[in-house]
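In what follows, subunit A forms one complex with subunit B and a second complex with subunit C.
Our next item is the complex of A and B:
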């Protein structure tokens, strides 16, 4: 098992190396990327300013708390982009017959698909996210105790997994439909909106959907509520940060089942 | 080594008609046609064979290769390759096989060929010594040394194909599937690829299954051919047998000293008639070659005689016609 993980890690590093090498073949592309990096940051900062103007307090959440929530949510967003953005292209890979090559290699197909090309744009998302999160931490004077640090770590892993699972499950629909672009846009907008605001502002029915149907509220709303001592409509026993990780792992495996089922349906177009 | 029994696979393809109106209609209601890509396909292949897999476009060649290499899951049927079922024990199975799709690249487009090889070394966990030995052998026999450090996008098709073949053999597979390996190649590259396939079959005992539309590939390489049409295996046997079954005609070309009239010979047809040179078509079921030659020799003072088999392409066309595929 450890040998298998090391092998995957080894191949993953080589994929990263080849990705960078490929991207350096096109210096102008790299250049435009460096230009777009501060742009991303500016947009992030602008969103922050918009947030300050918009909310003094919202449903009992003050601005510092919302910034904390928004920042943490954005960090998991950036990480999910880095690790799972490839799933947005499942439709494309299906119509181009791209899975054939992965199926021919003695490695996990999803691993190859997800990691054969790293997306560096996710890193630029992480920069403004971290700044907003840090701002929120200072505003509410968040205590970085050992237990809190550990909980934040659980939330980052769990939240990234929940987002990744949604990408994988939605992207896998393309195995049947060959296209999944618009669905991804909808699911992304949902997530973005959900993560920006405390879910408690929504009607109970929406809260119910985000909690029990599509557990997006667990990405950051529930664990942050626990960390900041806020009330939630639905309550759960135990630590909500552990719930985030647990649900993350659960939905991730569920989404992998959808992916595997889709892969069996794959009909390898072209000759 | 390879056993395929009763393999069937159907694809559901949406019926489409051209035009905007039809496209709008298809949004709401879509009809599907069932295409039987494979229909009860069975065959056995032994270790060390080179099998030519032929058939017209859309006959099911690529589908069979994809099932055998574990990319596609068939609807029903058995496929055992070195004691593995490809789609069930994919990871174990793919270590034993090498696959080249002539129309699709397995190399990284923007990085030097040798880096793609290094990646494959890692993916297949090839021990360093074995990797080194294989790369040296492949670089030498496929003559890759001039461009192994160039990015793939800068290679010619022939160079790329040679690299593709090398890439599929790095992990010393026992079986090599080649799907149209000579498509679009010039004569020199074609011959180089054929010679290489022959040599690894002979020296490394690699079993080769190749699909092609170039009958010269088949003639140069395959002892045995499998003909598939509309998803069914129509012929399985040696090339020579196929020849004797369908190639019941020969062409004879004679050169002679002086102008004279050609005798009428039963069972032959004059193809061309020039002063000092003539070509005849012979139906060997009606008259033997030696009878024709002796009849000609009686009338003419022959200086040269050439007897030719019909080109294999002609036999294949005849075969396709007979099976209406």
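Our next item is the complex of A and C:
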């Protein structure tokens, strides 16, 4: 058992090394992401600030609170880009027969797929997200007690897992339809709309959907509401940060099942 | 035989996904449309006017922004990139017509197509679920249409200038994305620049970006007085001329510089 885990770790590290090397090969490509991604977040935060300066609050949330929400939500976005971006390409791997290669190797296919690629470009999301988050923390003078730090950690892990689960599940649809790129765009748009503004601006029915059907509101709206003491329409017993982690783990395993089901449906069509 | 039928099946599935892609891309725009409308409703909850604009005008603004973004979708930039990379550009140059005029009318066709395929359904949904985005007056509507035509030219010329960089670097990569993003954020397509501090508005008035979205939309909702509207359209015309001049200079140099790889 331990030997098996060590073997998986070994393979994972090798994949990490390989992807790092291959991404360094195109510096120009990397360079333009290094400029464009941070700009997107910082300008995004800046437009939020301009709006809130004009309108005072977004549904009772001031700029510090919104920056806290947006920053924390974007940190999980950056992490999900690092760990899960390969799921965006399932459609491509299906039509080009890329899975044939995975299936031939004597290692769990899901593991290979999930850990064969680490997208370092995600760091360019992570850094500006952390800056916006830190700004929010200072603005609202967030108390970094032991318990709060622990809660933030739970939210980051849980939020990343929820995002990853959505990507895996949506990406796996490509096993049936051969393409799922545009569905990924929909998921990204929906996530952005769940992270940039508090979900409480939407009518109850939409809040219900984002809570119980597609739990995107758990990525950061619910846990941040708890940390900042904001009211939410739907209430849950216990800590919402723990809920985020729990839901993250649950949906991650559910998405893994969708992936495995899809893989059974896979018939190599490329060469 | 089975293998060949399988190829047919894959092709059919792929072509079906084009329709699927179309439906999902419309769906994304509907999501943006509706989410933005709730944002503005919440922001205006206890206010009548902010920066001289009321909620009704702002909702119209955000609806029309999504609608006109449909016609600002053009092929020329990515088209040039792929044609230069694959060497197809050589065949285009051999044709006895101005290839850029060809690309331009191709994109005009796309824009007209978008009016029927995208704008009408989106308008219907906006009218049903948000509000009917009416112009401030018939005169404003007319000026809006003139201004939007200029916006289209500005956007298209910027696309061409960016696309032509590929003649020198062969593959621009995601630099094009940076341009798209700057336009999206700084053009007032999401949040009008008049909500920003005055000094930023000053800086932006010297850049072409706000003359793509904010100018026509501001006219449509009646934010600008007639004088401001006409002055804005003059500036749009000026930008068209500047960008056209840039295009002429770059075009002559680019065509001398054609380096065909493959093809």
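Going forward, the second predicted complex is superposed on the first by the 233 of 271 C-alpha atoms of A that agree within 3 Å, B and C clash if a C-alpha of one lies under 4 Å from a C-alpha of the other, contacts with A are read in each partner's own complex, and residues count from 1 in each chain.
One rule holds in what follows: a residue touches a chain if its C-beta (ideal position, glycine included) is under 8 Å from a C-beta of that chain, and two chains touch if they have at least 3 such contacts.
The structure presented is a predicted model; accordingly, all values stated were derived computationally and were not measured.
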Kindly classify A:101 by the partners it touches after superposition: subunit B alone (first), subunit C alone (second), both, or neither? first
For A:257 in the superposed arrangement: first (subunit B), second (subunit C), both or neither? neither
Report for A:58: first if it touches subunit B alone, second if subunit C alone, otherwise both or neither. second
Once chain A of both complexes is superposed, is A:147 in touch with subunit B (first), subunit C (second), both, or neither? neither
When the two structures are overlaid on chain A, which partner does A:203 contact: first (subunit B), second (subunit C), both, or neither? second
May I ask you to decide whether A:138 touches subunit B, subunit C, both, or neither, giving the answer as first, second, both or neither? neither
Name the contact category of A:9: first (subunit B only), second (subunit C only), both, or neither. neither
In the superposed arrangement, does subunit B or subunit C reach more residues of subunit A? C
Indicate the residue numbers of subunit A shared between its subunit B interface and its subunit C interface, in ascending order. 26
Residues of subunit B that touch subunit A when the two form their complex: 11, 62, 66, 69-73, 90-92, 94-95, 97, 99, 101, 103-104, 106, 108-111, 115, 118-119, 122-125, 151, 179-180
Enumerate the contact residues on subunit A facing subunit B in the complex. 7, 10-11, 14-15, 18, 21-22, 25-26, 97, 99-101, 103-107, 264, 266-268, 270-271
The answer for subunit C against subunit A in the complex is residues 6, 10, 13-14, 17, 20-21, 24-25, 27-28, 31-32, 35, 38-39, 41-45, 47, 50-51, 173-175, 177-178, 181-182, 185-186, 190-191, 195-197, 200
Subunit C-facing residues of subunit A, complex: 26, 28-29, 32-33, 35-36, 39-40, 43-44, 47, 50-51, 53-55, 58-59, 95, 177-179, 181-183, 185-186, 189-190, 193, 197, 201-203, 206, 269
